[in-house]
Amino acid sequence: MTAPNHANGPVVLVQDVCKEYRRNDMVLTVLHHMNLELAAGDFMALMGPSGSGKSTLLNLIAGLDVPTSGHIQVCGEDLSTASQSTLARWRARHVGFIFQMYNLIPVLTAYENVELPLTLTPLNRRQRKAQVQTALDIVGLADRMDHFPRQLSGGQEQRVSIARAIATDPTLIVADEPTGDLDTASSTEILDLMKRLNEDFGKTIVMVTHDPRAAAYAKRTLHLEDGRLVGDTDVANAETIA
Amino acid sequence: MIPLKYNIRSLRVRWATTLLTSLAIGVVVFASVLTFGMIDGIEHALRMSGDQEDLIVMRQGADSEMTSNVQPTVARELVNLQGVATSEDGSPMASREFITILLNPRRNGAGTTNVILRGLDPVGRQLRPHFKIVEGRDIEAGVNEAITTRAIAERFENLGLGESFLVNNVSFTVVGLFEADGSSAESEVWTDLRDLTTAQRYEGAISVVNLRVPDEEDRREIVDRVRGDEQFKLKVVPEVEFFEGQKSSTIAIKVVAYLIAGFLTIGAMFASANTMYAAVSSRGREIGTLRAVGFPRRAILMSFLLESLVLCLLGGVLGCLGTLPLNGLSGGTQNLVTFSEITFSFRFGPAVLLQGMTLALAMGLIGGILPAIRAIRLEITNALRER
Amino acid sequence: MKLLLYIWRNVTRNKLRSGLTIMSVGFSLALMTILYGYLAMQDVVGQEADKYDRVVVLNKLGFASPLPIAHVGRVRALDSVASAMPFAWFGGNYENKQAMFAQFAVDPEVAFDIYGELEIAADQLEAFQSNRQGAVCSRALADQMGWGLGDRIPLQGVIYPIDLDLKLVGVFDAPGNSGSIWFDWKYLDEESKKSPFAFDPGAGSIYVKCKDGDNVEAVCEEIDTMFGNSENSTRTRTEAAFARMFSEMLGDVQMYIRYISLAVVFSLALVAGTAMAMSMRERTTEVAVLKAIGFSKQRVLALVLGESTLIAMLGGLLGIAGGVGALALVASVPAAAMMFPVPVSGLVGAWMFGLVAVAAGIGFVSGLVPAVLASQLSVVDGLRRVV
């Protein structure tokens, strides 16, 4: 897997970002002047109560949404000013998604679901096949690739969705409550897998979660409340200090 | 591009909705193709009737054969004109014909209508495309016999093989059935020229003269000569042009056809739009995911348009297939020029089927565009949160 | 009443879907309104004609064979007949183009006795009777053509090899749309006698006013018996039957309209049914909740059927209104006015309620399957689906 060319700088750079939603005449401020930096190879958990703005922040970092003000630079691209089509192209190259509800396309098989983001790349069928197989091997589901999502358990579905997230070999993986819909055993499986992605494959990961147990897998945990950063524990650094 | 199999499988998952919508679209395409096939059948009959080499001589100002009359002496002169072809037995390829109308009841009890009754010289048969007797025999002159076609025999009282009808209280017997390549002759009853004029008490009367003139130069000369002759007061019309003129008969049916096709197609567009809107709204999360994964809006738009197209084209194919068993089925309507029955066979050729598929295509594109636009206007973040 | 309000809320809940279904039903019903409106017009024309105790005498051989003028006198002499006149279709060109109006040679002395419903000023009638080249036409035609009293109207014969030079001397008011011009039969006869090529025009057809309105059928028989053994035997029909004959001539097209309508109804039931099924699938949990709080099966059934019927009826009403509007629009175009002998407002009749019933029926049938499925839904299953 290739090393990103911007390995030196931070992968994610959030500067003075505000996000407001307008509903009728009410303005709802979800993020207040947020500042954040995330180095390559980091694994960050975003925590906070509902409505704290953690999902919004994740969406901004993932290029699904643009901030009302401030700057976001991810993998070298300034997302705050990019157009929708630029964002789409950028996501296809740099970001892998893991959702709480897995969001696999129900009418496509596991293989086809993983292959889906690869159809956006110039790879040919054979190259795509190699990538899909590698990804499914990593998540340990190579034997289930012809199954449809409904034929898989929740944990398996989530692993397919992880395979889909890493198939294009993105720099950044964003995960929105990846274990929110899973039992304990499956959760552990998924979190172990994510840890491996971070440690063995050098993926930078941003994960929103409610679950302190999930957050414990991260190197760094960010706490949000009412759209403001209220805490930042850097587990990895803390250990080195200790 | 999002793979087509995504759409096809999505349609299959919602198979009941897909099938019902396709079926509804199929019925609309079926009805439209049926109408187009009818028009094509009528136009085919008229097209087949005109031979490039044939001329029709009729009275100046006459707009149909029935209102024409040609003096017997003039008719004799015409037959001997320079350039008129000679048949195998040595007689000139010129047929003197007398046309009248038979007011005849339909067999199905749906009232009476006019049927063309034509008395003609034997050589007239060679002036029709591929004339052949398919049942019974051809007439003998002088004994009041008639021949007609299967379509007419089946549709009208007294015109079946072996049956008799009255012309001015003179009885004529149908002794044979003929075919003439689907031309308008197949809407007529034929008898001997002299038998008919005698029965009508118009001895010697002639309505038109049909000529075969193979050489173009000769044809032009004959047209000029007859037109220039003040004495004749006749006009020569190329047969092709003559039947072209009768196509106006199909105008009313064409208006009805396009009315039907137009209204129904618009109705079906709403139906396919409905189905596609439902598809889009039930797949919000899928659309969000596709967008998140990095598919551009264009790809989503194309994907849903394509899905709508597949849905409608499926209906189109069903509709077209449905018409095939009716190919060749005959019907009858009124020729608005001659005010008489014209029989036709439904024809569902490639051109007609293509028209049907074009309608299906239009339903798919126009019915699919708004739902597809709705699909790409979804906010990714909202779409992902949908149930 | 509460239920009805809830049904209405459901109809308007997914405005887009309901709107699309309504439009789909609307467009198709508009088409049916136009088609059936045309058929209804034929009926109305027949009924109108029934009022005036007239019969029409034609040559048994059909339109193309005129009746001799002597027949008129013999018909008039019958005890049961109040009056009779020749009625010959001239069918000429106006300004060397096919005229867009009908031209008839009539007897000015009795024309307005036979057509008692037409109103003309006494001095204009007097002028029509005393002026051999005089002509009268309906006010609608005069307005459409921009003719005033005293204008010359030259007509070039197409069927008859003669030209006429008419002068408009009167304008009559008709209860329906009548786009025809009448002139003196004697003028036609005289001009024909002058021309060496012309033939005896004859009476064409004969219009007869009966003395006794209850006995018109008997008059028809009496006339046909009288001419039964003559050279020109006749076929006499009441004016209503005569009008019907024209629509019968359309032949299979009429039948075809019925088939198309059947197909439309079928396809609409599919369309509306699909939409309803989609709505109900989305509301599975809601239905389960309704049942959980105590809605009976019947109530759920009524709820769904009520909704589907209401939607289809809305579409039907809209479509019928649109169809009538379209007919009125077409009827107001001068060139098409001839196709509408009666005003569109005169077409309102039971058939319209029939179409509303058809729309309601479509809605009811389309709701059946979703309604039964909803009423059979198990509360536990339905509620589980949400989680």
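Annotations
A, B and C label the chains in the order they appear, each numbered from 1.
Just so we're on the same page, a residue touches a chain if its C-beta (ideal position, glycine included) is under 8 Å from a C-beta of that chain, and two chains touch if they have at least 3 such contacts.
Bear in mind that the values here come from a model prediction, so they are computed numbers and not experimental data.
When each chain is reduced to the mean of its CA atoms, the one lying nearest the mean of all protein CA atoms is B. The chain with its Cα centre farthest from the Cα centre of chain A is C. Each chain gets one centre point, the mean of its Cα atoms, and the points for chain A and chain B are 64 Å apart. Work out the mean CA point of chain B and of chain C, and you get 25 Å between them.
Taking each chain's centre as the mean of its C-alpha atoms, chain A lies 69 Å from chain C.
In chain B, no residue touches at least two other chains. By the touch rule above, chain B contacts chain A in their complex via residues 1-3, 5-6, 9-10, 12-13, 285-286, 288-298, 379-381, 384.
Of all the residues in chain C, the ones that touch chain B in their complex are 16-17, 20-21, 23-28, 30-31, 34-35, 58, 60-65, 156-159, 161, 197, 199, 229, 231, 233, 235, 244-245, 248-257, 260, 263-264, 266-268, 270-271, 273-275, 277-278, 282. By the touch criterion given at the top, residues 16-17, 20-21, 23-28, 30-31, 34-35, 38, 59-63, 66-67, 69, 100-103, 106, 110-114, 167-169, 201, 233, 253, 256, 259-260, 263-264, 266-268, 270-271, 273-275, 277-278, 282, 331-334, 339-341 of chain B touch chain C in their complex. Considering their complex, residues 59, 62, 64-65, 84-85, 88-93, 95, 97, 99, 101, 103, 105-108, 112, 116-117, 119-120, 164 of chain A touch chain B.
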